[in-house]
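Following this line, the structures themselves.
After this come two complexes, each holding subunit A, first together with subunit B and then together with subunit C.
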Partner chain A sequence: MYAETIVYLIMAVVSLLSVVAVYLAIVERDLIKAVIYSALQSGFYAVLYYLLMAPDIVLVYLPVAVGLIPGVLIVLISKTERWEKE
Partner chain B sequence: MDAEFINTYLLLVTLTSLLANAIISIYGLFFKPHYTKKVIALTILSDTMNTFAIYLGYRTWVNGVNPRPPVLTSTPTEKSISEFTARAVDPLPQALVLTAVVIGLAVTLFLVFLGYILYTHYKTLDMREIKKLKG
Partner chain C sequence: MRRITELAVIISLILGVSVLLVLAASILIPGVEVRQLAFFYLYTTINPWFQNYTVNSPEAVTAIVWDYRGLDTLFETSVFYLALIAGLALARGLFSETLQGSFNEKTSGLSTIVKTVTRVTAPMIIAVGASIGLHGHLTPGGGFQGGATIAVIPLVFIVVYSAFFLIARGVTSNKMLVLRSIGLLGIGFISIATFLIGLAIGRFAYVFQNMPKPGAIVGLPADINGALISGTLWFFNLFEMIAVAAGFTIAFIILLLAGRGGSGGR
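For the complex of A and B:
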(Lines of atoms letter the chains of each structure in order from A and count residues from 1; the text may use other names and numbers.)
(Lines give C-alpha, C1' and ligand atoms only; values in the text may rest on other atoms or scores of the structure.)
Protein backbone atom coordinates (compact mmCIF):
# COMPACT_ATOMS: atom_id res chain seq x y z
CA MET A 1 0.00 0.00 0.00
CA TYR A 2 2.80 2.39 0.95
CA ALA A 3 5.15 1.70 -2.02
CA GLU A 4 2.21 2.10 -4.38
CA THR A 5 1.59 5.65 -3.16
CA ILE A 6 5.30 6.54 -3.49
CA VAL A 7 5.42 5.32 -7.11
CA TYR A 8 2.27 7.31 -7.97
CA LEU A 9 3.73 10.34 -6.17
CA ILE A 10 6.92 10.19 -8.27
CA MET A 11 4.78 9.89 -11.42
CA ALA A 12 2.73 12.94 -10.44
CA VAL A 13 5.79 15.05 -9.57
CA VAL A 14 7.62 14.10 -12.78
CA SER A 15 4.62 14.97 -14.94
CA LEU A 16 4.13 18.31 -13.16
CA LEU A 17 7.82 19.11 -13.79
CA SER A 18 7.34 18.18 -17.45
CA VAL A 19 4.51 20.74 -17.66
CA VAL A 20 6.97 23.40 -16.43
CA ALA A 21 9.58 22.29 -18.98
CA VAL A 22 7.04 22.34 -21.84
CA TYR A 23 5.81 25.81 -20.86
CA LEU A 24 9.38 27.18 -20.75
CA ALA A 25 10.19 25.51 -24.09
CA ILE A 26 7.18 27.17 -25.75
CA VAL A 27 7.59 30.70 -24.34
CA GLU A 28 11.40 30.92 -24.59
CA ARG A 29 12.70 33.33 -27.26
CA ASP A 30 16.22 31.87 -27.43
CA LEU A 31 15.76 28.73 -29.54
CA ILE A 32 18.86 26.95 -28.15
CA LYS A 33 17.36 27.25 -24.67
CA ALA A 34 13.99 26.06 -26.00
CA VAL A 35 15.64 22.94 -27.44
CA ILE A 36 17.36 22.26 -24.10
CA TYR A 37 14.03 22.63 -22.23
CA SER A 38 12.41 20.19 -24.66
CA ALA A 39 15.25 17.71 -24.01
CA LEU A 40 14.56 18.15 -20.27
CA GLN A 41 10.90 17.35 -20.91
CA SER A 42 11.98 14.20 -22.78
CA GLY A 43 14.05 13.16 -19.76
CA PHE A 44 11.00 13.51 -17.49
CA TYR A 45 8.92 11.50 -19.97
CA ALA A 46 11.57 8.76 -19.95
CA VAL A 47 11.22 8.47 -16.14
CA LEU A 48 7.44 8.36 -16.60
CA TYR A 49 7.73 5.56 -19.17
CA TYR A 50 9.95 3.60 -16.79
CA LEU A 51 7.39 3.93 -13.99
CA LEU A 52 4.57 2.99 -16.39
CA MET A 53 6.41 -0.36 -16.84
CA ALA A 54 7.72 0.21 -20.37
CA PRO A 55 11.53 -0.22 -20.06
CA ASP A 56 11.89 -1.14 -23.75
CA ILE A 57 10.42 2.25 -24.72
CA VAL A 58 12.94 3.97 -22.43
CA LEU A 59 15.82 2.24 -24.22
CA VAL A 60 14.67 3.62 -27.60
CA TYR A 61 13.19 6.93 -26.46
CA LEU A 62 16.16 8.16 -24.41
CA PRO A 63 18.80 8.24 -27.20
CA VAL A 64 16.28 9.48 -29.80
CA ALA A 65 14.53 12.24 -27.84
CA VAL A 66 17.33 13.43 -25.55
CA GLY A 67 20.27 12.92 -27.94
CA LEU A 68 19.37 12.80 -31.60
CA ILE A 69 16.45 15.23 -32.06
CA PRO A 70 17.99 18.10 -29.99
CA GLY A 71 21.30 17.54 -31.81
CA VAL A 72 19.65 17.81 -35.22
CA LEU A 73 17.63 20.87 -34.13
CA ILE A 74 20.80 22.56 -32.80
CA VAL A 75 22.47 21.92 -36.20
CA LEU A 76 19.42 23.54 -37.89
CA ILE A 77 19.58 26.55 -35.53
CA SER A 78 23.32 26.99 -36.08
CA LYS A 79 22.75 26.99 -39.86
CA THR A 80 19.75 29.35 -39.70
CA GLU A 81 18.79 31.86 -37.01
CA ARG A 82 18.87 31.66 -33.23
CA TRP A 83 16.35 34.23 -31.95
CA GLU A 84 12.60 34.25 -32.32
CA LYS A 85 11.35 37.79 -32.96
CA GLU A 86 8.45 39.38 -31.09
CA MET B 1 -7.02 10.21 4.62
CA ASP B 2 -7.96 7.18 2.59
CA ALA B 3 -5.02 5.65 0.66
CA GLU B 4 -7.27 4.72 -2.25
CA PHE B 5 -8.34 8.35 -2.58
CA ILE B 6 -4.71 9.59 -2.57
CA ASN B 7 -3.70 7.07 -5.26
CA THR B 8 -6.60 8.05 -7.50
CA TYR B 9 -5.78 11.72 -6.95
CA LEU B 10 -2.10 11.24 -7.89
CA LEU B 11 -3.00 9.32 -11.08
CA LEU B 12 -5.43 12.10 -11.95
CA VAL B 13 -2.63 14.68 -11.47
CA THR B 14 -0.46 12.72 -13.92
CA LEU B 15 -3.24 12.53 -16.50
CA THR B 16 -4.14 16.21 -16.12
CA SER B 17 -0.55 17.36 -16.57
CA LEU B 18 -0.25 15.25 -19.73
CA LEU B 19 -3.42 16.94 -21.00
CA ALA B 20 -1.92 20.34 -20.13
CA ASN B 21 1.23 19.41 -22.06
CA ALA B 22 -0.87 18.50 -25.10
CA ILE B 23 -2.76 21.82 -24.92
CA ILE B 24 0.41 23.92 -24.49
CA SER B 25 2.15 22.19 -27.39
CA ILE B 26 -0.90 22.61 -29.66
CA TYR B 27 -0.83 26.32 -28.78
CA GLY B 28 2.88 26.46 -29.69
CA LEU B 29 2.27 24.56 -32.92
CA PHE B 30 -0.43 26.95 -34.15
CA PHE B 31 0.38 30.37 -32.66
CA LYS B 32 4.18 30.59 -32.43
CA PRO B 33 5.57 32.25 -35.55
CA HIS B 34 9.00 30.63 -35.80
CA TYR B 35 9.49 27.43 -37.82
CA THR B 36 11.97 25.79 -35.39
CA LYS B 37 9.61 26.48 -32.49
CA LYS B 38 6.82 24.77 -34.43
CA VAL B 39 9.03 21.68 -34.95
CA ILE B 40 9.86 21.59 -31.21
CA ALA B 41 6.14 21.84 -30.35
CA LEU B 42 5.37 19.01 -32.79
CA THR B 43 7.91 16.68 -31.14
CA ILE B 44 6.46 17.50 -27.70
CA LEU B 45 2.92 16.85 -28.97
CA SER B 46 3.85 13.47 -30.46
CA ASP B 47 5.65 12.45 -27.25
CA THR B 48 2.59 13.40 -25.21
CA MET B 49 0.28 11.36 -27.43
CA ASN B 50 2.66 8.39 -27.11
CA THR B 51 2.53 8.76 -23.33
CA PHE B 52 -1.28 8.68 -23.46
CA ALA B 53 -1.06 5.38 -25.38
CA ILE B 54 1.34 3.90 -22.79
CA TYR B 55 -0.93 5.14 -20.00
CA LEU B 56 -3.88 3.29 -21.56
CA GLY B 57 -2.03 -0.01 -21.27
CA TYR B 58 -0.96 0.57 -17.67
CA ARG B 59 -2.39 -1.57 -14.91
CA THR B 60 -2.63 -0.28 -11.36
CA TRP B 61 -1.39 -2.20 -8.34
CA VAL B 62 -3.73 -4.92 -7.08
CA ASN B 63 -3.68 -5.50 -3.30
CA GLY B 64 -0.15 -4.15 -2.92
CA VAL B 65 1.30 -6.29 -5.76
CA ASN B 66 3.15 -4.26 -8.37
CA PRO B 67 2.52 -4.51 -12.14
CA ARG B 68 5.46 -5.66 -14.23
CA PRO B 69 6.82 -5.28 -17.76
CA PRO B 70 5.28 -7.71 -20.28
CA VAL B 71 8.36 -9.96 -20.48
CA LEU B 72 8.57 -13.65 -19.59
CA THR B 73 12.07 -14.34 -18.29
CA SER B 74 11.88 -18.10 -17.70
CA THR B 75 10.38 -21.14 -19.41
CA PRO B 76 6.59 -20.63 -19.15
CA THR B 77 4.73 -23.02 -16.89
CA GLU B 78 1.03 -22.91 -16.14
CA LYS B 79 1.61 -21.14 -12.84
CA SER B 80 3.98 -18.49 -14.27
CA ILE B 81 1.60 -17.75 -17.17
CA SER B 82 -1.36 -17.19 -14.87
CA GLU B 83 0.81 -14.96 -12.67
CA PHE B 84 1.97 -13.11 -15.82
CA THR B 85 -1.54 -12.45 -17.09
CA ALA B 86 -2.56 -11.23 -13.65
CA ARG B 87 0.30 -8.72 -13.31
CA ALA B 88 1.85 -7.74 -16.66
CA VAL B 89 0.86 -4.47 -18.38
CA ASP B 90 -0.52 -4.42 -21.94
CA PRO B 91 2.31 -4.95 -24.49
CA LEU B 92 0.38 -3.77 -27.58
CA PRO B 93 0.57 0.04 -26.94
CA GLN B 94 4.26 -0.38 -26.14
CA ALA B 95 4.94 -2.03 -29.52
CA LEU B 96 2.97 0.70 -31.33
CA VAL B 97 4.77 3.48 -29.44
CA LEU B 98 8.15 1.92 -30.21
CA THR B 99 7.28 2.24 -33.91
CA ALA B 100 5.86 5.75 -33.46
CA VAL B 101 9.04 7.02 -31.77
CA VAL B 102 11.16 5.94 -34.76
CA ILE B 103 8.65 7.36 -37.28
CA GLY B 104 8.64 10.62 -35.30
CA LEU B 105 12.42 10.77 -35.61
CA ALA B 106 12.17 10.37 -39.40
CA VAL B 107 9.46 13.05 -39.67
CA THR B 108 11.54 15.47 -37.55
CA LEU B 109 14.61 14.91 -39.74
CA PHE B 110 12.51 15.61 -42.85
CA LEU B 111 11.10 18.82 -41.30
CA VAL B 112 14.59 19.98 -40.30
CA PHE B 113 15.80 19.47 -43.88
CA LEU B 114 12.71 21.34 -45.15
CA GLY B 115 13.46 24.22 -42.77
CA TYR B 116 17.01 24.47 -44.06
CA ILE B 117 15.74 24.65 -47.66
CA LEU B 118 13.19 27.30 -46.57
CA TYR B 119 15.97 29.37 -45.03
CA THR B 120 18.16 29.20 -48.15
CA HIS B 121 15.14 30.41 -50.20
CA TYR B 122 13.76 33.19 -48.01
CA LYS B 123 16.70 34.09 -45.65
CA THR B 124 14.30 33.87 -42.71
CA LEU B 125 12.32 31.24 -40.81
CA ASP B 126 9.70 33.62 -39.41
CA MET B 127 6.35 32.46 -40.78
CA ARG B 128 4.82 35.99 -40.77
CA GLU B 129 7.55 37.23 -43.11
CA ILE B 130 7.47 34.14 -45.33
CA LYS B 131 3.73 34.65 -45.77
CA LYS B 132 4.37 38.15 -47.15
CA LEU B 133 7.12 36.97 -49.55
CA LYS B 134 4.99 35.12 -52.10
CA GLY B 135 6.37 33.84 -55.39
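For the complex of A and C:
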Protein backbone atom coordinates (compact mmCIF):
# COMPACT_ATOMS: atom_id res chain seq x y z
CA MET A 1 0.00 0.00 0.00
CA TYR A 2 2.74 2.44 1.02
CA ALA A 3 5.00 1.46 -1.90
CA GLU A 4 2.06 1.71 -4.27
CA THR A 5 1.39 5.27 -3.19
CA ILE A 6 5.01 6.19 -3.87
CA VAL A 7 4.72 4.69 -7.36
CA TYR A 8 1.54 6.69 -7.95
CA LEU A 9 3.30 9.82 -6.73
CA ILE A 10 6.24 9.24 -9.11
CA MET A 11 3.74 8.71 -11.91
CA ALA A 12 1.98 11.97 -11.06
CA VAL A 13 5.27 13.91 -11.03
CA VAL A 14 6.44 12.31 -14.30
CA SER A 15 3.15 13.03 -16.06
CA LEU A 16 3.32 16.62 -14.78
CA LEU A 17 6.83 16.99 -16.21
CA SER A 18 5.67 15.49 -19.51
CA VAL A 19 2.92 18.14 -19.73
CA VAL A 20 5.55 20.83 -19.14
CA ALA A 21 7.64 19.35 -21.94
CA VAL A 22 4.60 19.34 -24.25
CA TYR A 23 3.91 22.99 -23.39
CA LEU A 24 7.51 23.97 -24.10
CA ALA A 25 7.44 22.01 -27.37
CA ILE A 26 4.31 23.89 -28.47
CA VAL A 27 5.45 27.43 -27.62
CA GLU A 28 9.05 26.97 -28.78
CA ARG A 29 9.79 28.91 -31.97
CA ASP A 30 13.02 27.05 -32.68
CA LEU A 31 11.74 23.84 -34.26
CA ILE A 32 14.89 21.83 -33.42
CA LYS A 33 14.43 22.63 -29.74
CA ALA A 34 10.74 21.79 -30.06
CA VAL A 35 11.67 18.34 -31.38
CA ILE A 36 14.00 17.84 -28.43
CA TYR A 37 11.26 18.84 -25.99
CA SER A 38 8.95 16.37 -27.73
CA ALA A 39 11.54 13.62 -27.30
CA LEU A 40 11.81 14.59 -23.62
CA GLN A 41 8.06 14.18 -23.27
CA SER A 42 8.35 10.75 -24.89
CA GLY A 43 11.03 9.83 -22.37
CA PHE A 44 8.68 10.74 -19.52
CA TYR A 45 5.95 8.66 -21.16
CA ALA A 46 8.34 5.73 -21.34
CA VAL A 47 8.86 5.99 -17.57
CA LEU A 48 5.08 6.02 -17.15
CA TYR A 49 4.72 2.88 -19.27
CA TYR A 50 7.44 1.20 -17.23
CA LEU A 51 5.71 2.05 -13.96
CA LEU A 52 2.43 0.79 -15.41
CA MET A 53 4.20 -2.58 -15.89
CA ALA A 54 4.30 -2.56 -19.71
CA PRO A 55 8.00 -3.19 -20.50
CA ASP A 56 7.16 -4.37 -24.02
CA ILE A 57 5.68 -0.98 -24.82
CA VAL A 58 8.71 0.76 -23.29
CA LEU A 59 11.02 -1.19 -25.59
CA VAL A 60 9.10 -0.21 -28.72
CA TYR A 61 8.35 3.32 -27.53
CA LEU A 62 11.90 4.35 -26.70
CA PRO A 63 13.57 3.69 -30.08
CA VAL A 64 10.58 4.95 -32.05
CA ALA A 65 9.70 8.07 -30.05
CA VAL A 66 13.18 9.11 -28.89
CA GLY A 67 15.26 7.81 -31.80
CA LEU A 68 13.34 7.53 -35.03
CA ILE A 69 10.68 10.24 -34.91
CA PRO A 70 13.02 13.09 -33.78
CA GLY A 71 15.52 11.95 -36.40
CA VAL A 72 12.94 12.05 -39.17
CA LEU A 73 11.56 15.38 -37.93
CA ILE A 74 15.03 16.96 -37.81
CA VAL A 75 15.67 15.75 -41.36
CA LEU A 76 12.37 17.27 -42.49
CA ILE A 77 13.15 20.54 -40.67
CA SER A 78 16.50 20.66 -42.44
CA LYS A 79 14.56 20.66 -45.71
CA THR A 80 12.42 23.64 -44.71
CA GLU A 81 13.09 26.46 -42.21
CA ARG A 82 14.34 26.17 -38.69
CA TRP A 83 12.35 29.06 -37.18
CA GLU A 84 8.59 29.12 -36.89
CA LYS A 85 7.06 32.39 -38.08
CA GLU A 86 4.40 34.39 -36.25
CA MET B 1 7.14 37.16 -18.48
CA ARG B 2 3.98 36.04 -20.25
CA ARG B 3 5.48 32.62 -20.82
CA ILE B 4 6.36 32.21 -17.15
CA THR B 5 2.81 33.15 -16.15
CA GLU B 6 1.33 30.70 -18.62
CA LEU B 7 3.66 27.98 -17.38
CA ALA B 8 2.77 28.70 -13.75
CA VAL B 9 -0.96 28.47 -14.56
CA ILE B 10 -0.53 25.16 -16.35
CA ILE B 11 1.70 23.69 -13.63
CA SER B 12 -0.75 24.62 -10.88
CA LEU B 13 -3.62 23.14 -12.88
CA ILE B 14 -1.79 19.89 -13.46
CA LEU B 15 -0.58 19.77 -9.86
CA GLY B 16 -4.17 20.05 -8.72
CA VAL B 17 -5.26 17.25 -11.01
CA SER B 18 -2.29 15.12 -9.93
CA VAL B 19 -3.05 15.57 -6.25
CA LEU B 20 -6.64 14.63 -6.99
CA LEU B 21 -5.46 11.54 -8.86
CA VAL B 22 -3.14 10.49 -6.05
CA LEU B 23 -5.95 10.91 -3.54
CA ALA B 24 -8.28 8.92 -5.78
CA ALA B 25 -5.62 6.24 -6.18
CA SER B 26 -5.20 5.92 -2.41
CA ILE B 27 -8.96 5.48 -2.06
CA LEU B 28 -9.85 3.63 -5.28
CA ILE B 29 -7.05 1.07 -5.60
CA PRO B 30 -7.71 -1.30 -8.53
CA GLY B 31 -8.60 -4.81 -7.44
CA VAL B 32 -6.05 -7.62 -7.47
CA GLU B 33 -8.36 -10.26 -8.92
CA VAL B 34 -7.62 -11.26 -12.51
CA ARG B 35 -10.28 -11.45 -15.18
CA GLN B 36 -11.20 -14.87 -16.60
CA LEU B 37 -9.57 -14.24 -20.00
CA ALA B 38 -6.34 -12.91 -18.45
CA PHE B 39 -6.33 -15.87 -16.09
CA PHE B 40 -6.48 -18.27 -19.06
CA TYR B 41 -3.57 -16.52 -20.81
CA LEU B 42 -1.41 -16.40 -17.69
CA TYR B 43 -2.25 -19.98 -16.77
CA THR B 44 -1.47 -21.44 -20.19
CA THR B 45 1.40 -19.28 -21.46
CA ILE B 46 3.98 -21.68 -20.00
CA ASN B 47 2.58 -24.73 -18.28
CA PRO B 48 4.37 -28.07 -18.69
CA TRP B 49 1.47 -29.91 -17.03
CA PHE B 50 -1.02 -28.59 -19.57
CA GLN B 51 0.70 -29.60 -22.79
CA ASN B 52 -2.32 -29.37 -25.08
CA TYR B 53 -2.92 -25.68 -24.46
CA THR B 54 0.41 -24.15 -23.50
CA VAL B 55 2.56 -21.92 -25.75
CA ASN B 56 5.78 -22.73 -23.83
CA SER B 57 6.78 -19.08 -23.70
CA PRO B 58 7.36 -17.33 -20.37
CA GLU B 59 6.64 -13.97 -22.03
CA ALA B 60 2.85 -13.70 -22.12
CA VAL B 61 2.76 -10.59 -24.31
CA THR B 62 4.73 -12.19 -27.14
CA ALA B 63 2.65 -15.34 -26.75
CA ILE B 64 -0.52 -13.32 -27.19
CA VAL B 65 0.88 -11.23 -30.04
CA TRP B 66 2.22 -14.12 -32.12
CA ASP B 67 0.21 -17.13 -30.98
CA TYR B 68 -3.18 -16.47 -29.40
CA ARG B 69 -3.76 -13.40 -31.59
CA GLY B 70 -1.23 -14.16 -34.32
CA LEU B 71 -3.48 -13.29 -37.23
CA ASP B 72 -3.85 -9.69 -35.99
CA THR B 73 -0.09 -9.25 -35.96
CA LEU B 74 0.19 -10.78 -39.43
CA PHE B 75 -2.19 -8.17 -40.80
CA GLU B 76 -0.40 -5.38 -38.93
CA THR B 77 2.83 -6.44 -40.59
CA SER B 78 1.10 -6.49 -43.97
CA VAL B 79 -0.27 -2.98 -43.40
CA PHE B 80 3.23 -1.69 -42.62
CA TYR B 81 4.52 -3.39 -45.77
CA LEU B 82 1.79 -1.87 -47.95
CA ALA B 83 2.43 1.58 -46.44
CA LEU B 84 6.07 1.27 -47.45
CA ILE B 85 5.12 0.15 -50.95
CA ALA B 86 2.85 3.20 -51.20
CA GLY B 87 5.66 5.44 -49.98
CA LEU B 88 8.05 4.00 -52.56
CA ALA B 89 5.42 4.44 -55.28
CA LEU B 90 4.85 8.07 -54.32
CA ALA B 91 8.56 8.86 -54.18
CA ARG B 92 9.50 7.07 -57.40
CA GLY B 93 11.40 9.33 -59.74
CA LEU B 94 11.92 11.82 -56.94
CA PHE B 95 15.16 10.33 -55.76
CA SER B 96 18.10 8.72 -57.41
CA GLU B 97 20.48 6.41 -55.66
CA THR B 98 23.34 6.70 -58.09
CA LEU B 99 26.39 8.66 -57.04
CA GLN B 100 26.73 11.66 -59.30
CA GLY B 101 29.64 14.04 -59.17
CA SER B 102 32.28 13.84 -56.52
CA PHE B 103 31.37 12.35 -53.16
CA ASN B 104 34.22 12.45 -50.70
CA GLU B 105 33.70 10.40 -47.60
CA LYS B 106 36.43 12.22 -45.66
CA THR B 107 35.03 15.72 -46.11
CA SER B 108 31.28 15.04 -45.93
CA GLY B 109 29.34 14.52 -42.73
CA LEU B 110 30.03 15.61 -39.17
CA SER B 111 33.37 15.80 -37.36
CA THR B 112 35.77 12.91 -36.79
CA ILE B 113 34.81 12.66 -33.11
CA VAL B 114 31.15 12.08 -33.93
CA LYS B 115 32.05 9.60 -36.66
CA THR B 116 34.31 7.58 -34.34
CA VAL B 117 31.69 7.48 -31.60
CA THR B 118 29.13 6.31 -34.15
CA ARG B 119 31.47 3.59 -35.36
CA VAL B 120 31.93 2.34 -31.79
CA THR B 121 28.27 2.46 -30.74
CA ALA B 122 26.78 1.04 -33.95
CA PRO B 123 27.66 -2.63 -33.23
CA MET B 124 26.40 -2.20 -29.67
CA ILE B 125 23.02 -0.90 -30.83
CA ILE B 126 22.73 -3.75 -33.32
CA ALA B 127 23.62 -6.25 -30.57
CA VAL B 128 21.01 -4.78 -28.22
CA GLY B 129 18.38 -4.81 -30.99
CA ALA B 130 19.15 -8.42 -31.90
CA SER B 131 19.03 -9.40 -28.24
CA ILE B 132 15.65 -7.68 -27.77
CA GLY B 133 14.30 -9.33 -30.90
CA LEU B 134 15.66 -12.85 -30.53
CA HIS B 135 14.89 -13.07 -26.80
CA GLY B 136 11.37 -11.80 -27.45
CA HIS B 137 9.83 -15.09 -26.31
CA LEU B 138 11.78 -15.04 -23.01
CA THR B 139 11.96 -11.42 -21.89
CA PRO B 140 9.98 -8.27 -22.73
CA GLY B 141 10.58 -7.34 -26.33
CA GLY B 142 10.00 -8.93 -29.67
CA GLY B 143 10.50 -8.58 -33.38
CA PHE B 144 9.12 -5.08 -33.81
CA GLN B 145 11.00 -3.71 -30.82
CA GLY B 146 14.29 -5.24 -31.93
CA GLY B 147 13.78 -4.12 -35.52
CA ALA B 148 12.98 -0.57 -34.48
CA THR B 149 16.11 -0.48 -32.33
CA ILE B 150 18.27 -1.72 -35.20
CA ALA B 151 16.65 0.80 -37.55
CA VAL B 152 18.17 3.63 -35.50
CA ILE B 153 21.55 2.68 -36.99
CA PRO B 154 20.90 3.60 -40.66
CA LEU B 155 19.34 6.88 -39.53
CA VAL B 156 22.35 7.75 -37.37
CA PHE B 157 24.73 6.79 -40.16
CA ILE B 158 22.85 8.92 -42.69
CA VAL B 159 22.89 11.92 -40.36
CA VAL B 160 26.47 11.53 -39.16
CA TYR B 161 28.18 10.42 -42.36
CA SER B 162 26.02 11.40 -45.32
CA ALA B 163 23.02 10.35 -47.31
CA PHE B 164 25.24 8.58 -49.80
CA PHE B 165 27.41 6.78 -47.27
CA LEU B 166 24.98 3.88 -46.99
CA ILE B 167 24.42 3.75 -50.74
CA ALA B 168 28.18 3.67 -51.35
CA ARG B 169 28.20 0.69 -48.95
CA GLY B 170 25.46 -1.05 -50.93
CA VAL B 171 22.49 -0.33 -48.65
CA THR B 172 20.02 0.70 -51.35
CA SER B 173 16.25 0.82 -51.16
CA ASN B 174 15.96 -2.08 -53.62
CA LYS B 175 18.14 -4.34 -51.50
CA MET B 176 16.24 -3.34 -48.38
CA LEU B 177 12.98 -4.10 -50.18
CA VAL B 178 14.29 -7.57 -50.96
CA LEU B 179 15.21 -8.02 -47.29
CA ARG B 180 11.78 -6.73 -46.26
CA SER B 181 10.11 -9.19 -48.62
CA ILE B 182 12.22 -12.03 -47.26
CA GLY B 183 11.04 -11.13 -43.77
CA LEU B 184 7.40 -11.03 -44.85
CA LEU B 185 7.70 -14.28 -46.81
CA GLY B 186 9.32 -15.89 -43.78
CA ILE B 187 6.45 -14.78 -41.57
CA GLY B 188 3.99 -16.14 -44.12
CA PHE B 189 5.82 -19.43 -44.35
CA ILE B 190 6.12 -19.90 -40.58
CA SER B 191 2.40 -19.17 -40.19
CA ILE B 192 1.59 -22.22 -42.34
CA ALA B 193 4.60 -24.34 -41.35
CA THR B 194 2.66 -26.52 -38.92
CA PHE B 195 -0.11 -26.92 -41.48
CA LEU B 196 2.41 -28.07 -44.08
CA ILE B 197 3.93 -30.56 -41.61
CA GLY B 198 0.43 -31.82 -40.95
CA LEU B 199 -0.18 -32.24 -44.69
CA ALA B 200 3.11 -34.06 -45.13
CA ILE B 201 2.52 -36.62 -42.40
CA GLY B 202 -1.22 -36.86 -43.00
CA ARG B 203 -2.42 -35.43 -39.69
CA PHE B 204 -4.93 -32.68 -38.98
CA ALA B 205 -3.34 -29.30 -38.27
CA TYR B 206 -4.40 -25.67 -38.17
CA VAL B 207 -2.99 -22.66 -39.97
CA PHE B 208 -1.10 -20.48 -37.46
CA GLN B 209 -0.76 -23.41 -35.10
CA ASN B 210 2.21 -23.40 -32.78
CA MET B 211 2.15 -26.14 -30.13
CA PRO B 212 0.07 -29.32 -30.31
CA LYS B 213 -3.60 -28.64 -29.62
CA PRO B 214 -6.43 -31.05 -28.75
CA GLY B 215 -7.40 -32.80 -31.99
CA ALA B 216 -4.32 -31.54 -33.81
CA ILE B 217 -1.24 -33.15 -32.35
CA VAL B 218 1.19 -31.64 -34.85
CA GLY B 219 3.38 -28.87 -33.48
CA LEU B 220 6.77 -27.26 -33.71
CA PRO B 221 9.33 -28.17 -31.03
CA ALA B 222 9.28 -25.98 -27.93
CA ASP B 223 13.06 -26.13 -27.55
CA ILE B 224 16.11 -27.03 -29.59
CA ASN B 225 18.61 -29.01 -27.55
CA GLY B 226 17.35 -27.48 -24.33
CA ALA B 227 17.25 -23.87 -25.57
CA LEU B 228 13.65 -22.66 -25.46
CA ILE B 229 12.40 -21.30 -28.80
CA SER B 230 8.65 -21.65 -28.13
CA GLY B 231 7.89 -23.19 -31.52
CA THR B 232 6.98 -20.52 -34.05
CA LEU B 233 7.54 -17.51 -31.78
CA TRP B 234 11.32 -17.35 -32.25
CA PHE B 235 11.02 -17.54 -36.04
CA PHE B 236 8.26 -14.95 -36.12
CA ASN B 237 10.40 -12.59 -34.03
CA LEU B 238 13.44 -13.16 -36.25
CA PHE B 239 11.59 -12.45 -39.51
CA GLU B 240 9.65 -9.54 -38.04
CA MET B 241 12.92 -8.02 -36.85
CA ILE B 242 14.43 -8.27 -40.33
CA ALA B 243 11.28 -6.89 -41.93
CA VAL B 244 10.90 -3.93 -39.57
CA ALA B 245 14.58 -2.93 -39.66
CA ALA B 246 14.64 -3.08 -43.48
CA GLY B 247 11.29 -1.27 -43.72
CA PHE B 248 12.41 1.66 -41.58
CA THR B 249 15.67 1.86 -43.54
CA ILE B 250 13.67 2.18 -46.78
CA ALA B 251 11.62 4.97 -45.24
CA PHE B 252 14.76 6.86 -44.21
CA ILE B 253 16.40 6.45 -47.61
CA ILE B 254 13.25 7.76 -49.30
CA LEU B 255 12.90 10.69 -46.89
CA LEU B 256 16.53 11.71 -47.05
CA LEU B 257 17.04 11.37 -50.77
CA ALA B 258 13.65 12.57 -52.07
CA GLY B 259 13.97 15.91 -53.77
CA ARG B 260 17.74 15.76 -54.00
CA GLY B 261 17.68 14.04 -57.38
CA GLY B 262 21.13 12.65 -56.82
CA SER B 263 22.77 16.05 -56.66
CA GLY B 264 25.35 14.92 -54.14
CA GLY B 265 25.18 14.24 -50.42
CA ARG B 266 25.99 16.40 -47.46
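The working rule: the second predicted complex is superposed on the first by the 86 of 86 C-alpha atoms of A that agree within 3 Å, B and C clash if a C-alpha of one lies under 4 Å from a C-alpha of the other, contacts with A are read in each partner's own complex, and residues count from 1 in each chain.
The criterion applied here is as follows: a contact is a pair of C-beta atoms (placed from the backbone, for glycine too) under 8 Å apart; a residue touches a chain by one contact, two chains touch by 3 or more.
What you see is a predicted model, and the numbers here were worked out from it, not measured in a lab.
Touch criterion met: A:19 reaches subunit B and subunit C at once. Contact with both subunit B and subunit C is seen for A:64 once the two complexes are overlaid on the shared chain. Comparing subunit B with subunit C, more residues of subunit A are touched by B. In the overlay built on the shared chain, the residue A:85 is in contact with subunit B alone; subunit C does not reach it. Touch criterion met: A:76 reaches subunit B and subunit C at once.
Shared-chain residue A:52: touches subunit B; no touch with subunit C.
Of the two partner chains, both subunit B and subunit C are touched by A:9. When both complexes are aligned on chain A by C-alpha atoms, subunit A residues 1, 4-5, 8-9, 12, 15-16, 19, 23, 55-56, 60, 64, 68, 72, 75-76, 79 touch subunit B in the first and subunit C in the second.
Touching subunit B in their complex are the following residues of subunit A: 1, 3-5, 7-9, 11-12, 15-16, 18-19, 22-23, 25-26, 31, 34-35, 38, 41-42, 45, 48-49, 52-57, 60-61, 64-65, 68-69, 72-73, 75-77, 79-81, 84-85.
Contact residues on subunit A toward subunit C in their complex (touch as defined above): 1, 4-5, 8-9, 12-13, 15-16, 19-20, 23, 27, 55-56, 58-60, 63-64, 67-68, 71-72, 74-76, 79.
Interface of subunit B with subunit A (complex): residues 3, 6-7, 10-11, 13-14, 17-18, 20-21, 24-25, 27-28, 32-34, 36-37, 39-41, 43-44, 47, 51, 54-55, 58, 61, 64, 66-70, 89, 94, 97-98, 101-102, 104-105, 108-109, 112, 115-116, 119, 124-126. Here subunit C touches subunit A in the complex through residues 3, 6-7, 10-11, 14-15, 18-19, 21-22, 25-26, 29, 61-62, 129, 132, 140-142, 144-145, 148-149, 151-152, 155-156, 159, 248, 251-252, 255-256, 259, going by the rule given at the top.
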